[in-house]
Structures are given as C-alpha cells and as structure tokens.
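Two complexes come next, and they have one chain in common, subunit A, joined by subunit B in the first and subunit C in the second.
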Partner chain A sequence: MVNLTIDGRPASVPEGTTIVLAAATAGIALTTNVGCMGQGVCGACRALVRRTGEPEVRTALACETPVEDGMQVSFLDRVAPRRPHAYSETDLVDGWTAYERVLAVFPEAVRCRHCSGCDRACPKGLEVQKGVNLAASGDIAGAAAVFDLCVMCNLCVAACPEHIAPNHLGLFARRLAAAGTQRPADLIRRLHEITSGAMTIDADACTDKQP
Partner chain B sequence: MAPEMTTNLVLTAPEHRVGADLDAWLSGSGGLGLRLALETPSGLISLMEAAGLRGLGGAGFPTFRKWAAAAAEPDPEKVVVCNGNEDEPGTFKDVFLLRETPHQVIEGALIAGLAIRARRVVLYVNPHARGAFDAVAKAVAQWQEHPLLAAVGAAVGGPLRLEAMRSPGLYIGGEETAVVSAVEGGFPFPRRKPPFPAASGVGGHPTVINNVETLATVSHIVRHGAAWYRGLGRNGAAGTKLFSLSGDVQRPGLYELPMGTPLSELIFVHGGGMLLGKEFKAVFTGGPSNTLLTRDELDVPMDFESVRARGSRLGTGAMIVVSEGTSIVRKVAEYVNFFAAGSCGQCPPCKTGSYQLAHLLQRIDTGLATRADLDAVEHLCDLLPGSGRCGLIDGAVTVVASSLQRFRSEYEGQLAGG
Partner chain C sequence: MNPTEIPAAGIPWSEAIAALDGGSAPPPAITDAQPLLRHWHPDHSAGGPRRLAVGASAGQDCPAALADLLQADALIDDIDIAGCATVSTEVLVIGGGGAGCIAALTAAEAGAKVLLTTKLGLGDSNTVMAEGGIQCAVGAEDSLQTHFEDTLRGGQMAGDRALVAALVGDGPASVRWLIERGMTFDMEEGQGPSGRLRRKRAGGTRVPRILSFRDVTGLEMMRVLREAAGLHPRITVWNRSPVVELLSDETGGCVGAVIYSLHLHRFVLIRARSVVMATGGAGRLHLNGFPTSNHLGATADGLVLAYRMGARLREPDSFQYHPTGIAWPPALRGQLISEAARSLGATLVNGHGHRFVDELSPRDVVAAAILRECGEGRGVLRDGCVGVLLDTPALERARPGILKTTLVTLCHLAHKAGIDPAREPVPVYPTLHYQNGGIAIGTDGGTEVPGLYCAGEVSGGIHGRNRLMGNALLELVGFGRRAGAAAAAFQPVRPSGRANLGHVQEWRRALVAAGLPLDVKAPVLFPPIAGFDLAADRALGRSDLSARSLEAALQVL
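After this line comes the complex of A and B, so read on.
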C-alpha cells in the first residue's frame, strides 16, 4: 500500500492508483476538483504536489498522477480570470482585424513579464509563455498551435502575475484560427445540399436506413 | 517614564533632520563618521562586528558578515545598494529617514563602500514613498562635486559612482536578489541563492545590500564607537530600533527606541495605549510576514533574540495593533491576499498556493467553510514553505500558521456547523 496526505487527510491505497481515486477512497468529497475522472481532459483536478525528499512543489492534474509514498497533495480551486473575455463570433472571421481583436480583448497580453510561471504551472507541458508572446505579436496561427492541447485547467490563470489569462488567450487564438480555416470540400458540399433541400434527412431513420 | 526622554534617540534626533541640505548636514556632526572612516577603512568591518550591528531591514543578519564576504572578493567593481524599497503594510520607517535625513543614509552607504572597496553606491528608493526619491536625488546631486566623495573614490582605488535610482515600487522589489535584478535594469525577479549577492550580485559583481536604517546607523558607530552603540540597547541588545506603530492605538507613529524596549512600553507609554473603549488583542509584527504577538507576549523585549525566543520575529519593527472585535481571520486573509498579489509569479506554488490560502481563508471568514477547508489550510501551511525561490511564500504561511496556533478557536468558530 502507498500512504500519502491529501488536503490534510491521510490516504492509503494500492500502488498505481491516481491521486483522484485515492482522494475518493480517503472519503474526500470531490465536489469541485474532478470532472472527466481520469481522462485528463477537463482540467478540474488541479493540485499542488510535493514528492518525498523533493523541496519543489509542482502543479499537476491529480487524475493523471499516480500516487507515491509520502506524497503531499493540496487541491487548488479554479481561479477565474479577473473579468470575462467578451467577443462575438463575427469578430473572428476577418483575418485582417484579428490582431486588433486580440489586443482589444486581451490588452494585458503585451505586458508579459516573462516570468515563465505559466510554463511551470502547465500540467500538460505546453509552452504557454511562447503562445502568449506569439499571440501578442500577431502570430495567431502560431499561438493556436501552441495551445492545441490545452484543457483549460486555468492553472496558468492562477499563476500569471499580469492577469493575462494565458489559456483564454490561447482559446481565442484557437477560435480565430479555426474560423480562418477552410472546412473540407465534401463537408461543405453536403451541408449545402441539406440546407438547400436537395437532400432530405429523416431524423427518425434507424441505422440501416442511413442517408 | 516620560516618552520624550527615550524617543528619537539617534537616527531621528531633531538635529539630524536637515533634509537634502549637505551644508547643513556637514556643519553639524554630519561627515565626521566618514572622515574617521577614511582614516582607518580597514578597521570598519571589525568595528561593525564589535558593535553588534544587525540588518534592520527585517532579517537581522549580522552586517559585518555581509561586508566581510564582499570585501574578501578580488573583483574591483563591487557595489553597495541601499535598499529603500519599503513597501510592506505597516512599515514606514525608511521613507522617513530618506526624506528627513538623506545625508545620514548616504554617509553610511559611503562608509560601507569604503569598507568593501566598492566603486558604485546605489540608493534604491521606492518611488511611491512620498518625497523620498526627490530628497535622495537632490542629496546625491549635492555630493557629486564634494571633495569628500572624491576622497572616498581615491581610497577605493578609482572614481566612485554615487547614484539615486527609483525601485520598481513593488513589494517583491525589496527582496535582495530582486534588488539585484532591478538595479541591472530588469523586472525585480528574485533569484536562487546561492550565489548570495555578496559573492555575485549586480552584473555579477560582489554586492552588499543593506537596509536604509542599517546604513543610517553606520556613521554614528564610527563616530562614537562600538561600546557606545552596544550601550544604547536594553536587556543586552545593541543599538536603537525604529518602530512603525499603527493600528488601534492613541498615538500611532514612528518611534526610535532602545533595542530591547518591551512591547508594552511601545504600545501603552509611547503609543498612549489603546483607542478609547478598545481592548488589546494582538500585534501583527512586520510587515505582517511574521508571527502574531498576543497578550501573553506584551512583556517581550523588542530585540531580535528575545522576540525569536517567543517564536516570533522582530522583522522590520512594524507593529500593527488590533483590538478585541477585530477578526483575526479577516485580517490574515487580507495580508495573504497582499502576498498573493505581490508574488512575482516565477514559482507556481507561491502564486497559486497563496491564492488558494486566500480563497480558503475568505471562505472561513464568510462562514461558508467546513472542517475540510480548515484541514486544507493547515496542509498548505505544511506544504508551501520552502517552495519558492525567495522568502515571500514562507512569510505568507507564517502569518497564517501563527494565527492558527494562537487563535484556533476563532477559526473553528467560523466553520459552518460549528
């Protein structure tokens, strides 16, 4: 068995268990710090982790992190950005104004002080700071690529001293990039057939009668 | 005891408060310490050791050790930085010295420069401290043409650059390695130690960083000797200390008292006691990055050793007095918020952990928390110390942990369901 401490409670679980499962076993009510339960995609299980014998305290997604003997874990609340980032879909379609939109919606982005806190905080190992700096200098496609695997855990929101909300900036960049991307030709043609009535869809159709 | 008998002893004595007027400073006792130091620069470090001068910026580190470490380095481009960043809640002593008696501070910094053979002396001043930077800049300009500065330059083996510089005015900008980053022209990011600045500081050169109050004391020690300085204190402690007294007292303000003066005397004699109808509850020592002192500690002599013996720290000498009826949880939450906002961001456990502490404390304060939240607070107090590059996160934890130790029932009483 592996013994660890989670938010001050002792837990004793078999080797190979993840921290989230260990917390559930220890009777900790996971009301806010779990979502996808082990897929590592929802970003809810933010935690600070110190391993035995290590002075460092690292950030991690608890559902992706196997327990270790003597581990200390503190779950972290979701830190929301200071204010909502409001933009409409129509803002996204014009590539000529995309950079202006970035600067208007995320004015803090140009103030990055290059502390690298976001890079260290990101449990997915993304180059967050680079993504921020790319977006802030107008390379929106580049920023979108950096944030491609972001799960919006918001750890970089909590980490950023300049309140840039890096992941939300990343999401904006991804949306801008997606809006500027041509959809596959066959998909576009088929959607046109449907909306023009050239093709009818039987919503009640069962599998053997697929259109 | 009449308070006026024992306050404003040395650094804040009326005759030294001549402002940025070099002629006025030198026509009094000013300049004598520097002239003496020029005669025997090699004896300065042992003099500081004999006097028992300790860093008055918060840590109480023996000044002679820093100086000796830097002096031992062969690098000819050594630096002295006078740390006037002062930006903590409740501390307002350095701003007073810089504004009212800048030449006293500069003279001390020049003596430090002599002691380590520095070629650059920087007065690093918080631009938000009203009047301080202007006074220092004016005072520094007055020194530029003065033969005494040239004499110091000759003694250290080359011209000595004396300059005033605006600090970034952020709390973190006062941490010593952050000072190094800022003087180099960058954002005040603290750096890992070692190397300590005395070995490798500004531009890689050995750098002595001392607090304003520490340096202001130096010329007096040179002038009057180690025994005189030791004799100023009470209870075996050396020298005087500036106490920034604030909170629910009749006469908040800045008091220069013998080191070792009991806390009760500061509050009830000099401070005139509690505000009418208020009852003493506790003191946040400071800036609030240290432990709380309670009724049981009112008799503690305020010197580094005695306060430490009670499990707290003298810190900068800030004493924020709170009365019964003040919520300790709320006060602590406010301070933790201050630290969280001031964290520079380099170390995720410092930034995210201090915010998490602040969240939990707020939840407790508003009566929404359960026992599990209190457990989580205690666990963070265990987890976070040592997780940052600098002492900021440890300071934040210290306030929380000590308030929990001394006022646990107040925390528990706030939990939902009792």
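After this line comes the complex of A and C, so read on.
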C-alpha cells in the first residue's frame, strides 16, 4: 500500500492508483476536480504535488499521476485569468491584421520576463514560454503549433507573474491560424456542389442492408 | 452476455505473446452478423432488458439499470424550491459539452440571451475526449448519398431517414462553421491550408471520410468551443451547477430548470423561454457491469428529466460498446483506444495469435466477436483481466514511425500502462462507449414537449442501433446548431405562465398507479465513485445570500 495526503486527508491505496482515484477512497467528493477521469485531456484535475525528499512543489494532472509514498497533494480550483482577454469571431478572419489583434488583445505578451514559470507549470511539457514569445513577435503559426496539445488546465495562467494567460494567447493564435488561413479545396468544392443543387440526398433510395 | 458471466479462463499473457507472429492469416468472413450479435452483444444480455411501464415510451425495452432511473421519482419537491432564488433567461442550455456550447453560440448569435449551466466545468465532457475524428463527405469519390447510406446501414436500418439526411447534408457546412470558429483540421501530407483535407477510414464506411486533428480531435474542438462560448457577451456560463429537475407550465411545456449549485450548496430556479438539453450520454451507469470510456458526468440525467416531462425515447435499449477499451491494468480499464489504430491497419488477435474478425466491421460486430473469443476461452489473461490483443508491434513494423506520429493518444495511454506499444501488443476489451438511442427529436432538435429541444448524445434517432465512428461529433455540430436556432426562435403559447413542478406531481401519480416504488430517485448526477451525497452537501449551504450576490457568485465560477 502507498500512503499519501490529499487536501489534508490521509489516503492508503494500492500501488499504481492515480491520485484522483486515491482522492475518492480518501472520502473527497469528486465533483469539482475531475472530468475525463484519466485521459488527461480536460485539465480539471490540476493539482500541486510535493514528493518526499523534494523541496519544491510541482504541478500535475491528478488523473494521470500515479500515487507515491509520502506524496502531499492539493487540488487547485479553476483558475480564471485576471483579465478576460476578450475578442470575437470577427477578429479571427483577417490574416493581415492578425498580429495587431494579438498585441491588442494580449498587450501583456510583449512583457514576458522569461522566467520560465509557465514551462515549469505545464503538466504536458509544452514549451509555453517559447509559444508566448513567438506570438508576441508575430509568428502566429509557430505559436499555434507550440500549443497543439494544450489541455487548457490553466496552470500556466496561475504561474505567470505578468498575467499573460499563455494558454489563452496560444489558443487565440491557433484560432487565428485556422479561421484565417484554412480553406480546404475539397470542402469548398463540395459546399459549392450542395448550394448549387448539384448534389442532393435521396432519402428513400437505400432499402438494402448490404451495399 | 454479461461480463460477470464470462469465465475467467483464457490463455496466459506469456503464452499469448509467444503465439503472436504478426503474419496471421485473414480473419474468417462473416456473411450474417445477426447470430453473433444476438448471442454475444451486451444489448441482448441474459440479465434481460426491462419493459418500461410508465411514460411516453411505455412498452419499450431498455437495460434494467436505466429503466430504474427512467421510472424513478424526482430528487426534489415543491418544498425544496419554495423561496429559492429565481434567475431569468431567454434560452437555457443544459450541459457544457460540444452540443451545449454550439447550441448556446448559435442561439446567442441569433440574438438571444443565453444561460448555459453545466455539471462539472465547461468542456469537461465526452466531447473533449473524442480522438478519432468527425465524418464529412468531402472526398471526390464520396457523396452525401454514400454517407447517408453508410450511416443508415451502420445503424441496422433503424435510423430516422429525415434525421440522417439532415446530419449528412449539414456535414460540409458544419466543418466550415468549425473552421470559422478557429478549429484546425489535418491536411493531406505535403498540402498547405488550401489543399485537400486528410481523410481516414472508419469501420462500416465504404470510403475514407473521417476528418481529424491528429488523434485529439475532440480536444481541438472543445477548447475552441469553450473559449468561444466563454467569451460571447450574450452567454452566461454557470459551472458546477447540475440540473436536478425541469420546470413546467400549465400546458406541460418546458419553461426552465432547477439547478443545484455545488458551490453555494443550494437550489436555484432558472426561468427560460426555451430549453436545450445537451447532457450527453450514460457510460457512467456501467450498464451490464462493463467498464466505460466516458467522462465522470455521463449519467443519463437529461434522458431521465426529459422522459419524466413527457418526451419519447428511441432505441433506449441500444448501446455502443467500443471494441477496444484497454483491458489492463485495472486502474485504466475501460479507457479508449481509438478506432484510428484499426483504421491504420492494426489487427486484433486472440490468445492463439489468430485474427477472428474483420477489424473494420461495424463496432457492434467487432465488440461481439471479442466477447465471443473471451467467452469461449480464447481470450488473454493478465492479472485476472481478460481481453484480446491489439497488434501494435506489427503495425509499427509495417509502417515504421506511425505510432509516434499519428497515434499519440494511444502511445500516451500505453505509456501510463507501462506498455511499449512498438514492442508489446495492447490488451483490449469492449468498453461502454455511446448511447445509440435517446430522446426522440425532429429535424429542428424539438421534442414532444413544447419548448424543450435536444442535441448531441442525449438525443436519438440518428444512429439507429449502431453509431459509426465520427458521426457523433458531426451530430453535435449539426444538431447543436439546429437546436440552438430553433430554441432562439421559439415563442411559447403562454409566455407569462407558471413555472413549477406540476409534471412531477403527475409523474408520481403515474408511478403509483403502475405500482412502481417511489424510493428510487433520479437523476443520479454523479456515479457512486464520486462519493457525492446531495442531502449531506445541502447541509453545508449558507442561507444569508441575497438573490443578487447569489447571481454574481454563480457567474464567477
């Protein structure tokens, strides 16, 4: 059995158990800090973890992290960015002004002090700081690529002393890149075939189970 | 077939590995899948379906565990909501997954004031977990008609033709809508953003039709939708606010809902002109004892609430057991290995190293075949967990590098299991994955209850008795938009009528008349593993909050 403390409560669970499942056995109601329950894609189970013999506190996704003896865990509630960094869909379409939009919506981005707090905080090991700097210097596609596997856990938001909200900046870059540049030729042709009436569906046609 | 009945006999792991030669002969062809399905598919479980005795679908069969909830009493009574704070909105959207966000965005873009209330956090849903992709007939050799027929046949001809035509016909416009909101799709190798979309093959389809973003399509979709909904000035989001009951007026129309705030430990009433139910599926009910791939909140709440109010159900007895949940280790059992692995050519082999089914047959057939192998002693045993093998090493040998570049999520899961998929096969076993049926809807997402719309996994009629990979994501976009638009346009007959639990009183009378117990309460909100107790949680509530500060407090979270 592995013994650990979660939100101040002792838990004793078999080896190989994840922190989230251990929390359930410790009597913590799983109503807040859990979503996908182990796939590691929703970011709800963000937690601070201290391991025995390690001075520093690290971040983790509790549904993906196996328990260790002597671990101390505390879950973090949803972290809301200080500023909403608001924009609308109309901000996404014009590639010529994309960089202006980035600077206007995320004015703090240029003030990154390269402290790497975000990099250390990211449980997915993304190069968050690099992504922020790429966006701030106008490389939207480059920034977008850095955040391809971001689960929006907001741990980098909590870590950033400049209130940059790195993941939201990264997502803005992703949305700009997609909405502004992705124009698939085959999709456009099919849309044309449908709107012109050349392609329709005969809903009564299919009567056989086998094609 | 019930998994608890499956003998824990099988071939030990080491023997099965030794039998694996990668060059296995093609599997036997299946001409008629019906006997296999009847004998081995869990929908035909020996434990027996239950016939519904009350409600709009009385006489229909469904799994006993679900029937208990559909025919249960409400969680609350008039006394619980007397004096509760009431908030008003035009459109109320219940559920913060893909369907809910899209309905909310569409209604808001049409000018409506929208309140979206969800059980966990916005986006914590089945949608974010989707891996494989979304179907859309864009290929030159493909057509809407082919997609239509594949979907209808995949569903064993049980789907509603008008709904299937709407689903398929919306496809290209749905994908465009997603791109316009900033979702990225993979392009064919070497093609820029104005080239051709990359297409993968799905089981039960004649041509490659799955569009995707790597193997994290749902993550890419959900983070865009969550951001868009969160930033929209006409959408208010309440997290941690599960709906516990709907509100009705004197004509039986739906005019709002009661939420329980997990933050404030109290009920709040929401009055709305119309309501969109988008609460997703039922995997966490672990029907027939199966593990599940679903997120924690998938407990059939919306199904129960809409049924209680008079909505009809379709195919409530039909569930999808995804063939390839991971079978070992126990802590991960049930988590999904996407069909993408099989689309790319990975084979399934039993403990003797033999292939036993065409891996790209419809999911119900593949799942039944796996249960047959395990039930007849040809499964593989590891630490008491039974399954068959997904031969990832052979795939890697045939297409070097494919695991790392294309099957990122599979590698990630295998890594957590302590398996190197390039060298070791991954043990798999069917996992409860998707609710094929659901609440009956029309092409505008409308139900039989005036003012109540449904979108996404909670609704039924599109997938018949078996859903094809990629059609669920397509459904939630197309029907999320349809339901959102119709809900925004809906005008009630008696706009200033009552909003209360009248339908619950009627329901109780029906339960009593049918001799059903009143001590079973539903919706369950959280599965037992979450350790949530409504009564205990309510005891933590504060009573000194004014209505105004309460509304403000709800918005922050």
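Methods note: the second predicted complex is superposed on the first by the 193 of 211 C-alpha atoms of A that agree within 3 Å, B and C clash if a C-alpha of one lies under 4 Å from a C-alpha of the other, contacts with A are read in each partner's own complex, and residues count from 1 in each chain.
What we mean here is this: contacts are C-beta pairs under 8 Å (C-beta built on N, C-alpha and C of every residue); 3 or more make two chains touch, one makes a residue touch a chain.
None of the values given here were measured: they were computed from a predicted structure.
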item	value
When both partners are placed on the shared chain, which of subunit B and subunit C touches more of subunit A	C
Partner chain(s) touched by A:Leu187 [first = subunit B, second = subunit C, both, neither]	second
Partner chain in contact with A:Val151 - subunit B first, subunit C second, else both or neither	second
First (subunit B), second (subunit C), both or neither touched by A:Ala29	both
Partner chain in contact with A:Thr59 - subunit B first, subunit C second, else both or neither	first
Which superposed partner A:Ala198 touches (first subunit B, second subunit C, both, neither)	neither
First (subunit B), second (subunit C), both or neither touched by A:Glu89	second
Partner chain(s) touched by A:Ala121 [first = subunit B, second = subunit C, both, neither]	first
Touched partner set for A:Leu48, first subunit B, second subunit C, both or neither	first
Shared contact residues on subunit A - subunit B and subunit C	28-29
Complex contacts: residues of subunit A adjacent to subunit C	16-18, 21, 24, 27-32, 34-42, 44, 64, 78, 80, 84, 86-89, 92-93, 144, 148-152, 168, 171, 174-179, 181-187, 190-191, 194, 199-206, 209-211
Complex interface listing, subunit B residues touching subunit A	187, 189, 343-349, 351-353, 355-356, 359, 372, 375-376, 378-380, 382-384, 386-387
Interfacial residue positions of subunit A with respect to subunit B in the complex	5, 7-9, 28-29, 46, 48, 50, 55-59, 72, 74-77, 79, 113-117, 120-121, 155, 158-162
Of subunit C, residues touching subunit A in the complex	120-121, 123-125, 128-129, 136-140, 143-145, 148-149, 152-153, 156-157, 161-162, 164-165, 168-169, 172-173, 175-176, 179-185, 187, 193-197, 206, 214, 216, 218-219, 223-224, 226-228, 231-232, 239-240, 262, 295-297, 329, 331-332, 335-336, 408-409, 412-413, 416, 526, 529-533, 537, 556-557
